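Take a look at the following structure, please.
Chain IDs A, B and C follow the sequence of writing; residue 1 opens each chain.
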Amino acid sequence: GLLAAPAFAGDTADELEDRFGGLDYEPVMDVPDRDVRTRVNKFRVETEDGRHRFGIRGRLMTDFAYVDDNYKTTDDERADRGDLAKYGTIIRRARLGALGIMYDNWEWQLEVDFRDDEIRFANAYMAYLFDSGRLAVGHFKEPFSLESSTSSRRISFIERAAPVDAYRPSRQIGIMYETLVPNWYGAFGVFGGDGVARDRDVTEGFSVAARASFAPFMDQQNRVWSHLGASANYRANAYEYERSRGRDREYESVRMRTRLGTRAVDGRLIGENDMENVEDYTTFALEAAAGFGPFSLQGEYIRQRLSRDEDSRDFVDPDTTTMTHDGYYVQASYFLTGESRNYRAFSGDFGATRILRPVSEGGRGGWELLARYATADSYEHHEPDDRQSIDHYTLGLNWYPEQDIVLKFNAMYVNAERGEDQINGDSKKWDSWVYAMRFQFEF
Amino acid sequence: GLLAAPAFAGDTADELEDRFGGLDYEPVMDVPDRDVRTRVNKFRVETEDGRHRFGIRGRLMTDFAYVDDNYKTTDDERADRGDLAKYGTIIRRARLGALGIMYDNWEWQLEVDFRDDEIRFANAYMAYLFDSGRLAVGHFKEPFSLESSTSSRRISFIERAAPVDAYRPSRQIGIMYETLVPNWYGAFGVFGGDGVARDRDVTEGFSVAARASFAPFMDQQNRVWSHLGASANYRANAYEYERSRGRDREYESVRMRTRLGTRAVDGRLIGENDMENVEDYTTFALEAAAGFGPFSLQGEYIRQRLSRDEDSRDFVDPDTTTMTHDGYYVQASYFLTGESRNYRAFSGDFGATRILRPVSEGGRGGWELLARYATADSYEHHEPDDRQSIDHYTLGLNWYPEQDIVLKFNAMYVNAERGEDQINGDSKKWDSWVYAMRFQFEF
Amino acid sequence: GLLAAPAFAGDTADELEDRFGGLDYEPVMDVPDRDVRTRVNKFRVETEDGRHRFGIRGRLMTDFAYVDDNYKTTDDERADRGDLAKYGTIIRRARLGALGIMYDNWEWQLEVDFRDDEIRFANAYMAYLFDSGRLAVGHFKEPFSLESSTSSRRISFIERAAPVDAYRPSRQIGIMYETLVPNWYGAFGVFGGDGVARDRDVTEGFSVAARASFAPFMDQQNRVWSHLGASANYRANAYEYERSRGRDREYESVRMRTRLGTRAVDGRLIGENDMENVEDYTTFALEAAAGFGPFSLQGEYIRQRLSRDEDSRDFVDPDTTTMTHDGYYVQASYFLTGESRNYRAFSGDFGATRILRPVSEGGRGGWELLARYATADSYEHHEPDDRQSIDHYTLGLNWYPEQDIVLKFNAMYVNAERGEDQINGDSKKWDSWVYAMRFQFEF
C-alpha cells in the first residue's frame, strides 16, 4: 500500500505517530530536533557534525541564434538541399536535481535534464570518498579532455569547441576512480553504453577511459597557473547478433557530430550522417592551458581512429577499414574587470570565476573578452571519400552581472566543406556568419 | 570529472574540505552558519537580510469525467465516426519545480510539467526586478486575456472557457517587461515559437504580445472590485524553405483547439483538424470583471484573424485567404461561505481565495457556486465552408476544505456543430451532457 | 502574467513586498519567522506544532547483468530468433519527488520516475488521515500481494519473483481506503486504467481491488513475526467502440510479462506477446511469511483468470474463451550480521531493515544471504496452445554498508519453455545462467 514508505528507525515518536500507535511510515514520522545549518542561495542543509548534507541544484540556459547565410548551408550532401532555419530559440539546458553526502563518505547526485521532449540524466551516481580519491558508480561523464570535463556552466563560449563537441564521449553508466589530491588529477573508468534508451537485442558495448593532468607551474598569489593533460578512450561499439540472419554482427551506428557553435539553429556541419560497421574506436586528447591574472589561454588536440569490421553484416567497402578524425582549438580569454579563470589543478578543470564587483554590490559585474579558433577534420567520415571539415572562428563577450548569472554573446564565422573530391571541386562549401546569445543562471 | 561542480568561493572551509586540502568542489563544501528563516507549507527558506530566497513548489490535479452521449459525438466530420471514450481519468497537471530570488533583484523559476509522456516546461525564466516593473527572459506565458493569465490553480472551473482555451497563445521562449505597480497592469513581450521540440529546417516564427488592464473602481474595505482589460497578439507563423522544392514557403500547421470542458475525455469539438498555409494571425481579447463581496462576474470577448499565404507551397484555395474565429464567455461565482475572489489589480488576474473557515480549524471549508456560458465560432476553420461552433453551458460547485486543496464538480451541457453547409443540414451536430470532477492541491 | 503565482494570505509583509506596495505575489513574499525543525539525511522540515511537513525524496538503482546462454534464448517463438544482448547496464529506477503533510491531516506525495525516455509517475496522490485509516486519491499502487506492496527499495532480490512480476497490477489513478491500525491491514480501492498516456477513442476500463492481512503470531521482543494475507483484483479491460466498424467492442491488448530476474538484459520469457480480445480478468494472491530473528521465509501463490469476449471484433478462436495463469514462489533470507527483516503488520509489507553495525560506525555493514525458487505458468498465453512457463532459481547476497545503501548480487538459473505442443517436443526451451548486480541508494 501507500504505507510502503521508508522507515527510519532511529527517530523518536511524535504526536502523529502516537496518534497511529507508533506506526513508522514515513509521511507521519517526525523530524528530530537536531542542529542543522542552512544556506539559501544554492540551497543546502547540513548537520552540525558534517556527517550529512543535502541540497537542490539546477541551471537554466536560454539561447537565441541568427544565421546570416542567405540560405546556402551545406550540411546535406545533395546539391540543392540543406536549408536551415534562419533564426531560433531554445532551452539549451534545464536541469533540476538533488545532491548530498550521507554517513560522512557517501556522496551522491541525481540531476535530470529536461531540455526537450527527451529526458536525459546529467549526473546520477553515488561515490565513496577515500582520503585521496573517490570511487563512483552510476551515470556521469567519461573522463576526457579539459573542455569536456569542465561543466557547461563554466565553459567560456556558448558551445564547446568543434573538435571536442564532435569527438568527445557522452555520459554513460559506469564505474570510475578519480584522485582527490591538490596538485594533479588522474581518473580511470569502465563504462557501458546507451544504458538509458535501449534496444533489447543490442549488446551495448563498453569503453575504457583514462585521463591525467598536472600543473607544471602554479603561483596562486600572483594568479598564475598552467595545465598539461592527456586523455585516452577506447570504445567497443554496440552490436546486434541474430542467428537467423547469419553469424555476423550488425553494429550500431556511430555518431560524431558538431554544429554551428550554437544549438538554437541546428546545422550539422560535421556528422549529419552516422557511421556504419564500426567495430571499435579510440580517441585521444592532448590538453594545455595557462593563466596570468585576467588573461588565459587554452588549447587541445583531439584525434580519433575508428576500425570497421569487414565481417560485419552489410559491410560493402573493403577499402575503408579505418577512418581518422582529428581537430584542435586555441582560445584566449581576458577579463576587462580583473577577474581570473578559476583553474582547479585537483580536478583538471575550471570552476566558477569569482566575480569581483557584482551589480548587487554596486559594481558593473564581470566582463570577459574571448577569441577562439577551432578546426575539425573527418578525412573520411561515414563513407569513403566523404571528407567533412570545418574552420570555426569565434569572438565572444561575456557579462556576469552576479556570481551565478551570465549573459553570453558569440559572433562566429564558419567555413565548412564536405564532399567526395576536394580537388575537383565537387565538394560543397559553406561560409557564413552566425550570431548567438545565451542567458544562463544556476541555483 | 565529477568534480566539475560549482565552486562557491565565498564559503569558508570545513572539516571535509580540510580533509581534502581545501579542494573547493561542491559536494564537500560546507554550509556557513547564517541566519535563515524557513517555511514548511509551501517550502521556502530565506536569509535574514532578504537578499536570497529559495523554494520548492508543485501542484497535482487529478480529473475524472463521464460523457452521457449515447455514442453520438461529432468531432470527426465523417458521418459515422468520432466515437469517444465514455469515461476517463487523467493526471491533468503534475508540476514540480524550484523558485527563488538571488542577489536582491534576480527572481527565477524552473518548473516542469510531467502530466503525460511528454515533458513540458511551465515557468522557466529569470527576471530582473526594477522598482516598478520586471524584465523576464525565458519560457513563460505570452501576456493575453484575464482567464489565460490566471494560474490554472486559480481558475474557477475545471478548464478555461472554450474561446480562451481555443484561441489563447501558449507559453513560449521570449523576453517580456511587465509593470509592478498597485492599481494597473501592463505587459509587452516578444516571443519565439516552439523552441522546445523543433524541426531543424523550420524557422520558428515569432510573436509580439501586449496586455493592459486597470481597476475602474476598487473598495477593498467592502470587498468591491472591478477589472477592464485588453490584449493583442500578433504571431508570424513558422515555415520551412527548401530551395530544392521551389522558393515558396511551406508553413507549419496551426492548431486552435478546444475540448469538452475537461481533458479526462478528449473530444475535440473545435480544432480537430489543423489549419494549413497560415502566414500570420492576430488575436484580440476584451476583458471585464467585477466583484461585490462573495459574488463576482467575469467575461471576455476574443477575436482572431488568420491570413493565408497564396504563394505558399500547396496552397489550393484562392477563395479563403483570411479566416476569422471569435467567441466569448460570461461566468458568475458566489461563495456560499462568504469568501471573495482575490482580484489582483497589480497583475490583472486572480490570486488564491482566502478560505475563512477551513476544515482543520473546525469549519466546513469554502463552498463556491458557479455558472458559465461560453461560445466559440470558427466561421471557416481549416478549410473553406468548414464552420465549427460550440455552445458550452456549465454549472459548477467547488469545495476548498483547506487553503491549498480544492475539489471541483462541473456539470456541462455542450452543443456543438460542424460541417460544410449550415443551412442545408449537412452539418454534424452534437448535444450532450458531460460530468467532470477534479481533485487538486498545491504545495 | 508571471505574477500568476500563489498568494499566501496569512503572511505578513516584508521589505520586498513593501518595496512593491504590498503586492502579494509569491516570489517576493517573505518567509515568516516560525519554529521549524529540519532533518538533513532524507531531507524534511516540519513546524514545531507538527501541522505541516515537507520533504524531498528519491532513489537511484543502477544495474548490470550478464547472460551466459551461448545465444540460445527463447523469448521469440520462431525457431531461429530471439537473440538477446549478452550483457547490459541500466538505470532501473531514478526517482525524485516531494512529499508532505499539510493542515494536520492531508498527506501527499508527488514522485516521478526518470528511468528511461518515458516519464512515469510513482506515487502522486493526496490522502486524508482519519484516526484509524486513510482515504487516498491520485496515482498509486493497486493493493495486491505482499511482494508487490513492498517498496522496490525493500524487496530482497533485484527483481520481484516471476509470478508477482508477471501478473501484478500496475499503479493507476484511483481512490482507495486503507486501515492504519497496529496489527492488521485492509485496503479497498477502485481504479481507472492507463490514465497517463491514452488513446482518446479508448474507454479505459476500471478495476476493483482489495487486500487484507494480519499477523497470526508476533513477538517483537524476540523478533518473531508472521504474516498471512489475501488479495483479489477484478479488472474490466479498456476498449474502443466505433459505430463505423460495427457495434462490437475492440479490446486493448493485455500484457502479462516477466523477464530474466533483471532488466539490464531484457529477455521476455513470459509475455513477449500481448493478449487480445480480453474482456476482463481476475487475479488472486495468497500470502504467507514468517521471521525468527535473522532468518525469514516468504511465499505467495498467484492465480489469474482472463475472459475473452466472443463478440469482440476480430475474435477468431471460439475454443479459448478463458485463459488461466498461475505461479508461486518461496524465498528465504538470513542476515549473517544479525539483523531482522522489518515486517510491518500495520501495512502488511516490509520496511527498511535496521542495519546494526554500519561501515560509518566502524562495522562491516549488514550481510544478507538469500535463496528463491519461483515458477510461473501461462497454460495458454496469448493464443490457443501457446503455453509459456518459467522456473527461476536465485541465489542472492546483499551488502548494506549503511542504512540507505545496498549492493545486491543475484546468480540465477532460468529454465523457460514455450510452444504449441509440450509433449511432442515442438516447444522451445531455454535454460541458462544469468548474473546480475545492483547498486542502490535512497535519499
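Keep in mind that, in the parts below, a contact is a pair of C-beta atoms (placed from the backbone, for glycine too) under 8 Å apart; a residue touches a chain by one contact, two chains touch by 3 or more.
All values derive from a computational prediction rather than experimental measurement.
Interface note: chain A and chain C, two copies of one sequence, contact each other through mostly non-matching residue numbers (shared numbers fall below half of all numbers used). On superposing C-alpha atoms, the copy chain B sits rotated by 120° relative to chain C, to the nearest 5. The distance from the centre of chain A to the centre of chain C, with each centre set as the mean of the Cα atoms, comes to 34 Å. Across the assembly, chain C contributes residues 38, 45-46, 53, 56, 100, 118-119, 125 that each touch 2 or more other chains.
For chain A in complex with chain C, the touching residues are 1-10, 14-16, 19-28, 30-34, 36, 38, 45-47, 51-54, 56, 96-98, 100, 102-106, 108, 110, 112, 118-119, 121, 124-126, 137-139, 172-174, 192-193, 195-198, 200-204, 240-244. By the touch criterion stated above, chain B contacts chain C in their complex at residues 37-46, 50, 53, 56-58, 60, 62, 64, 71, 78, 80-81, 83-91, 94, 96, 99-101, 107, 109, 114-119, 123, 125, 127, 129, 131-132, 134, 136, 140-141, 143, 149-151, 153-154, 176, 178, 180-182, 185, 187, 211, 264-267, 342, 344, 346-349, 351-352, 354, 358-360, 401-405, 439, 441-443.
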